[in-house]
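Okay, handing you the structure first.
When the chains are written out, they are named A, B and C in that same order, and each has its own residue count from 1.
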Amino acid sequence: MSVNLLLVQLLNGAQLGILLFLVAAGLTLVFGVMDFINLAHGVQYMLGAYVAASLGVWANSFWLGLLLALPVSLLIGLVLEWLVFRHLYGRDHLSQVLATFGVILTVDDAVRAIWGSAPLPVPQPEGFTGGVEIMPGLTYPTFRLAIIVVGLLVALLLWLLVDRTKAGMLVRAGASNAPMVSALGVDIGKLFTLVFGFGAMLAGFAGALAGPVFAVTPGMGDAVLILAFVVIVIGGIGSIRGAFIAAVLVGLIDTLGRAMLPDLLRLVMDASSARQTGAALASMLVYIVMAAILFFSPAGLFPVRRG
Amino acid sequence: MLEALLELRGLRKRFGGLTVTDDVSLTVLPGEIHAVIGPNGAGKTTLIHQISGTLQPDKGAVIFAGQDVTGWSFPRRAKAGLARSFQITCIVPGFTALENVALAVQARSGSSFRFLRPARSEAALNAAAHAALDSVGLGQRAGVMAGSMSHGEKRQLELAVALATEPRLMLLDEPLAGAGPEETERLIALLRSLRQRYGILLVEHDMQAVFALADRISVLVYGRVVVTGTVEEIRAHPEVRSAYLGEDEMA
Amino acid sequence: MRARLRLILPLVVLAALAAAPFLGFDSSFAYTVLSRAMILGMGAVSLSLLVGGAGLVSMGHAAMLGVGAYAVASLDAAGVTDALIVFPVAALAAGLFALLTGAVSLRTSGVHFIMITLAFGQMAFFTASSLSALGGDDGYTLYGRTEWLGTRLLENRLAFHFICLALLAGTWLLCSALLDSRFGRVLRASKENALRAQAVGFPPYPYRLVAYTLAGAICGVAGALLANATEFVSPATLAWGRSGELLFMVILGGAGQLYGAILGALAIVLLEEWLSHLLEYWRLAFGPLLILSVLFLRNGLAGITAMPKRRRPSGKPAALGQEADA
């Protein structure tokens, strides 16, 4: 495999990792602060993509669509929280899993009813349609580079927010000891809503960014959701830093595995079985890595200490 | 001199900067009740945890019946005859009293990887469980859901469960905590009847009970054994008086 | 009273299923729906053994169904169609998959366990999608149903109906016996109070792993039946939504009773059929019903018939009792 191809795959992996991080960040915070497992978080990602695409077509501008998708995602998140999720905070995880699963079924079908089952056309991000020559003779799509840069900026912002601000301090404290925080006179309910809305917005943002790269289809959130679960399980539930590292790790492993395993296997077996085995193995790779990490460290790489 | 049933050799445990168990060495002889007393926060429960295997010491060894069990897990030690009760009542609330005890009987009578025969109708298990319930005075309450028993009954049930494992040594963590005066008296009589048959390491706040039951007493202050002696020696010891006076002032 | 209901109600349900073909429910459509309900009921009972019996909330149980179904498909592709080989292989394969993934998953607890079983389920799904020899994403159509000693017994609708029913009843009896046995007693004790079980000498892990493996093997048999019912196997058999559906069957029926899973499976399969004939986007109605039943029907359908249970002091059902391990 050439160096050029490897570099492209590395960038693709980083880009997938960044998107995963944006989804996983909200998920891990919501779980960390509220002890609430939200399967419907992937729905936010999907709706972000749909809303951005539709509004982008309407406004005839991808960027305007992206910008408008943020408040809409926030609003959807708050409405879902008010309608369903807040009735589940005190319940066991099993009820949370099932009720949020119900939300997925409902919203996925609602999306089918509104937008149809076919992939939705997405306006191209104006100004970012070309490529950048990152090495002599090697161009890489500008928009994909932009996703990486924007994602890194958001990660940095998030880190500053959680690590350096009072609200962030409360979120971290709430993640390790919620009763203590409410004993300090903080309105835990408001903090929950804030974190929830913020997480929903991040996931919607990720979906909107992913629109021009991946297909916008009903159920697109489900695959991302499960990968995001893998990310936060590997990273350690409740840990932003863990989520970031694990997201990039998962993005790279998945992308590189799919690109390289069939070629690697061709060294030891014939071409057609190498292609088959390689494809099967590549799709299992992320989960095998997860299993290996958890075997040695059941609480993930960066376990959050709970008080 | 008898060989010790339990021997602690220089146990140490730190939580962060705090030393909660500081070079603790003591022995429990067969048939002896050895009480550990000390003010709140002296590290009594932490010590029990390390003996039972729910916590690993940083240093030192736990020798049980001549075997070094320091690296053994909690269930493995339990199976070897080291029974423990908990400060907070620990029973299976959805089981009847009988089934709580039968579970313990089952642990020492053959494999529990038996899949088809109803455990409820195993006469041998039930007979042994009934016997253990009788010995703590709960014979009439066998069919009652453990979760709906009174606090004192639950403590008795815990003792029955511990007995049913046929232990050689019992670690009792405040068995009288929360019991009313009548229940306390019954439990003290019960503990007294157990002496001679088992070695008992008793952690208890009720000084009257300790002085009535113990053969030897160790006083634990800030994780360290200040003195070990007979009831008379401990009663007369100046440091003990100050430790307890100190606690009274704090209270 | 409750003990008698526990026995009578499931027998009534099984008897109704046995009588159905003779009471006019003998159209091809009725057979399809009923066999589907019975097969998924088997899977749900095996999951109920984990959820209600051991406190293990698996969100990847459809994978066991899928491994069983794919065992049938790969044997079919290899020309092996005898039930005496096919069904044991399906059970063994699913049991082995459960053993391997359970060995890792059970090192964690609570919400970690939910996520990891979900992830392993997804792993199985993607693996199935990449099996190009068995059709990949498009799935694999069986040459025919599994044979019984060289006869085409399973092709007979009535026979197949009763085979499903017998296996469902067998699953229910087997899982009930498991829970009542010494093994089940340790399992139930570990669920309610893991510390107590440890204190008398039972480490939870090996018992949970055996339960997980057995449940997987049982569900593998259900998967083999499912492949026979549709004569078709595809990754959709083990999509993660199926795992959620199985879990819903267990909870809707009432996790406290094994037969609740049978009630749940019947209710959900019939509801799905009914709604999907009524509406194009039927999940728009099904999803909210699911949410409402979780919010308001706390003890499930079996809980409606049984006497009200005492509330636990913590207010939480013991389903996640294993979290007490820490």
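Some points to look at:
As a convention for this text, contacts are C-beta pairs under 8 Å (C-beta built on N, C-alpha and C of every residue); 3 or more make two chains touch, one makes a residue touch a chain.
Source: prediction; values computed, not measured.
Shared contact partners of chain B and chain C: not a single chain qualifies. Pairwise, the chains sharing the most contacting C-beta pairs are A-C.
Chain C has the Cα centre that lies closest to the mean of all protein Cα atoms in view.
Centroid to centroid, with C-alpha atoms defining each point, chain B and chain C lie 42 Å apart.
Taking each chain's centre as the average of its CA atoms, chain A and chain B sit 50 Å apart. The distance from the centre of chain A to the centre of chain C, with each centre set as the mean of the Cα atoms, comes to 30 Å. Residues 51, 57, 59, 101, 104, 107-108, 110-112, 114-116, 118-120, 122-123, 126-127, 129-133, 240-241, 244, 247-248, 251, 255, 280-284, 286-291, 294-295, 315-317, 319-320 of chain C are the ones touching chain A in the complex.
Chain B meets chain C in the complex at residues 52, 73-76, 78-79, 83-84, 86, 90-95, 99-100, 102-104, 106-108, 111-120, 122, 147-148, 161, 164-165.
Looking at the complex, you find that chain C touches chain B at residues 177-178, 180-186, 188-189, 192-193, 195-203, 207, 210, 310, 312, 318. Within the complex formed with chain C, the chain A residues making contact are 31, 35, 37, 39, 84, 87-88, 90-95, 97-99, 101-110, 112-113, 222, 226, 229-230, 232-233, 237, 276, 279-280, 282-284, 287-288, 290-291, 294-295, 298-299.
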